[in-house]
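Here the chain labels run A, B, C and D in written order, and each chain numbers its own residues starting at 1.
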């Protein structure tokens, strides 16, 4: 069978890739995608733990559902923000949206 | 639904209506009066159902409808909070429900509902040009609260709850008498009414407390239906020599009645209470408030008459009651003869009729008193509403012909019977009932029964006084009727008066029916011809309230003849005198009586007397003593002293401690923060991702520390 | 190396590779497509973990809702995409570095914890009751009803908030003018 | 022998099993291979069915429009579609300049895949279905939405503004109509107490859900038509406005795939409606003789499909603002309300049988009546505004008229 560690490593990998995307991309949409990837890795992690440690106690899946809800609303709000920023400043580059500084 | 629940529910709809209107509905007139009327209708329906249950009940007196819940735990005992429906409260409920309903409906028309709101009416003044009342909704809220108070009082099973209802009504009468607070007279009247009744209430509260301290309970059944409680009360001498405890408590409670139902010497407020809108006058003087006073006396009849049995000499308390009642009856009647304001006449007649009832109780005629209470409630409500309708018509006439005459002065009226027939006929019925027109009207039977009791038990003095009062009553009633309706119009306003809307006339008709019909349930058995045609149901039923049933005394022609005589004589003389009074002619009595007339017209100068005795000293006390010496001198001086010292201490602290030390530190701290900000602000690049990186770095550091520090 | 392991390795490899392509591919549309692929891979992994419901939900929410939303926004803002600029920030290496460090740290962490040793999942008591249990536990008063309700409130807030944020400028001004 | 009647598919399956075992293959591989075969047969079956469907639809539409329709190739022109197919296959595959090749080629595949994938969970007859997964409804939703993805990809990648506009419209339409569809799907789930298609069909043994929840059925039907994007919801390929919508740049077999996907999808939603609301294969004697069940299923599906074609033949195409208003102002709230109503009734009415059904039906009819009443009131106001636009007409009213 598949060891737990594989899942965990894979989840960690996806998470870090997503993190890199969130940190390194200029386009806000790409950043959003990176964040989705991170959440995805977390979900994978949760499900793996649920399956391997407490398969008869549903908490893990509930947690995943909550994370999914969070992801959905985060995507909705984030995209709405991107659109309105695009309307006002006609850019979706995260670096150029830097008026809020010293 | 079992009767207890009915009784519990009866008072609730009006209070709900009150809150609904005050909190939400007050913007919408139609909604407001719909709520008020609807709630009253519900209460009425419940009351009728309960009344039906009550009269079907077997020997209701000894097995009344009671239920109670613990309310205030006082020490080991606890004040309960419950309802008691025995014959007395049942009949009271009956007429209260009917009259309240009639008055509610009447108010709709009286306040010109449906007319446009006149822009130059402002709240606090009666509408000038016949627009709808500016504070329409508020009126219905108050009157609903009033009805709640009365219903609570009637269904309550203990003195405390009764007192609560009593006080609510006091408040409402205050608010409603001063409903048009724009008028100074109304303001004075409301204050007067409130304070005068307050005197009685305080004494009554004393009696209540005394009763509780002696018996340890306030429940009616526990006190009034318990032989040896009454016996001990009657036997034990009270703190005042010569009076038994029962006597003293009785007198104290009775003083409450004196205040509430305007007996001499606390009668002064009631005529002035005419400043309020007419439905209020009807509400106060006929349906609820003054009846409440008599109701209290009737309720405490066993206590008042403790240690007395039929035929025995009166106890001191009864003497007092009988005396005050009889005296008030005559006294108010004499004043009423000379009044010209249509509503004031009725006010004084109310006082005198109440005197009747009180006197009846005083001489131990329980059933007669109750009987007269009921009949009087109906026909007096009828009369008031009728007078209101008359005034309404007159005001319309005054508006129509712009002549400045007092729309309430009977000498400005005359000949209205053609203008407003319904009002006339109903008013006529009411007036005859009031003056005890023989055989048909209700007033005759009740009044006759009182007289018969007075005569039959040999209290001749009372009998004579009441007979005189009855004579006067008939006289001034006829005077009023003929001045108002008969003869020729004395002013153009009277010419142009017109009949009121149906919402005002319908209640008149309903009440007129009762003013006639209600009397027939109380015809004594051995009455010639009529006796026994209808069984004397009332005597059986209401008499059952007492422990031992009062036996109906046997028939005696003398009081009957007397009462018939005085009624017819008074009516006849009144008609003869006032048949044709032409415009501008002074009251014929003025010629005959001369100075006495002036004295009567000024109500024996009681207002002036009270003003001299109480009001001025009170003003002096408030002005000089309380305000100048206590308030200005002592309290303010002390406060100023405190203030000055506090300021000195404060200035010292500020200059010595606050400025140098604390502010200095604070400024230096602020500078430091500024410097920090200036130094580290370069971190704020405005780029989200860099923030994220920084956050990550610190989180990583923290985590690694946490993980690596612990082995 | 059993079949399931093979399947896992394949799927995991696809998922991870797709994730890498998401963050590396210069064109956003492709990135979005790769994202979809990677999410689908995760769904398959869920199936491998016997969480079929979650797999379907993953597809339903991520692929059908989020990915499509992202593609819509990409289409709406494609003018920016067309500009032939670099898609990488100036200090991308910081990001890469921190990501790598994090990965290493996570590996170390995994090495620390003992449960990593588990290699066979315990049997599920009643697999077919699992879904029902999940459903019940979400609305059970003494289990997860509170987070569930909070999540729903949050979704509602997100809905309204995104509508308000993305409201067109002109009509919004008019709307404010009305009030 | 009677096993053929009672459980023919199982029998056939067994037969193949024994056959392959006879070849000495490992059981795991055998089951794998058989599943593969089943999927293959299923997919091909529905794809071939499409050929007939297209013909049927063209015929019916022609009759509705008082034409003859295809009548040259084969008897009644039944081979017309085959001819078209041949033509499509032989056509050149044109790829526009600047097309984004990956998505461009992916889109048609996804389109067909999503539709064929739906058939995996539809129970054609007792014990005859691809996979009985316990979240079948959810599966339907999620796989069905992949067609949205395909259309969007086609729109983006084919570097053509008409295609892009078509894609925009598709997204707007499909994403918004997915909401009431899912809401309406929850109702049968609620009634059956399961998300599995098989259980849902089993639950309709006594009474069809169409009777219990007509509102939900109606909503599901309408919104799935919108999902498919057929008339009156075919804005995404409104020839008059944007030449052919998203697949303007597609030619040859790629276009054929979209074509097939659309028609097959229309048939698929008929099958779904049958399964969810018309009792699937349920019918007298179906439980004993599965082939009978298959027959029933075919009949019902064909009927629903006829209704779909009928709608297409009867209704004009609606404007996009009407489409949005219809969804967000009418169907979605109605779906929510009907869901609540069903849930509440299900909770309140404990006793099963006729009373439950009656209460459900009554509640639904009441809901329907209220909706119609509200619609009449709304249309009155709109008409009043149209008649005298200057009478206190506010900004919002303007918008609701012009549908912005």
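Note that in this section a residue touches a chain if its C-beta (ideal position, glycine included) is under 8 Å from a C-beta of that chain, and two chains touch if they have at least 3 such contacts.
Quick caveat, the model's predicted, so the values are computed rather than measured.
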Labels of chains that are neighbours to chain A and to chain D: C
Closest chain to global C-alpha mean, per-chain Cα centroids: B
Selected interface, C-D versus B-C, where C-beta contact pairs are more numerous: C-D
Chain A and chain B, separation of their C-alpha mean positions in angstrom: 74
Inter-centroid spacing, chain D versus chain C (mean Cα positions, whole Å): 28
Shared-contact residues (touching 2 or more other chains) in chain B: 687, 689, 693, 696
Residues of chain C whose C-beta touches two or more other chains: 53, 57, 72, 74, 89, 94-95, 98, 102
Residue numbers of chain A (touch at least two other chains): 19, 22-24, 94-95
Touch-based graph of the chains, sorted into line, ring, star, complete or other: other
Chain-chain contacts as defined at top: A-B, A-C, B-C, C-D
Residues of chain B touching chain C in the complex: 687, 689-690, 693, 696-697, 700, 703-704, 707
Contact set on chain D toward chain C in their complex: 28, 100, 102-103, 106, 133-135, 138-139, 141-143, 145-146, 148-149, 152-153, 155-157, 164, 167-168, 171, 175, 178, 195, 394-396, 399, 404
Residue numbers on chain A that touch chain B, as the complex places them: 19, 22-24, 31, 94-95, 97-102
Partner chain A, residues of chain B touching it in the complex: 681-682, 684-689, 692-693, 696
Partner chain A, residues of chain C touching it in the complex: 2, 4-5, 8, 12, 15-16, 19-20, 22-23, 28, 31-32, 35, 38-39, 42, 45-46, 48-51, 53-54, 57-58, 61-62, 65-66, 69-70, 72-74, 76-77, 79-81, 85-90, 92, 94-96, 98-100, 102-103, 106-107, 110, 115-116, 118-125, 130, 133-134, 137-138, 144, 147-148, 151-152, 154-155, 157-159, 161-163, 165-169
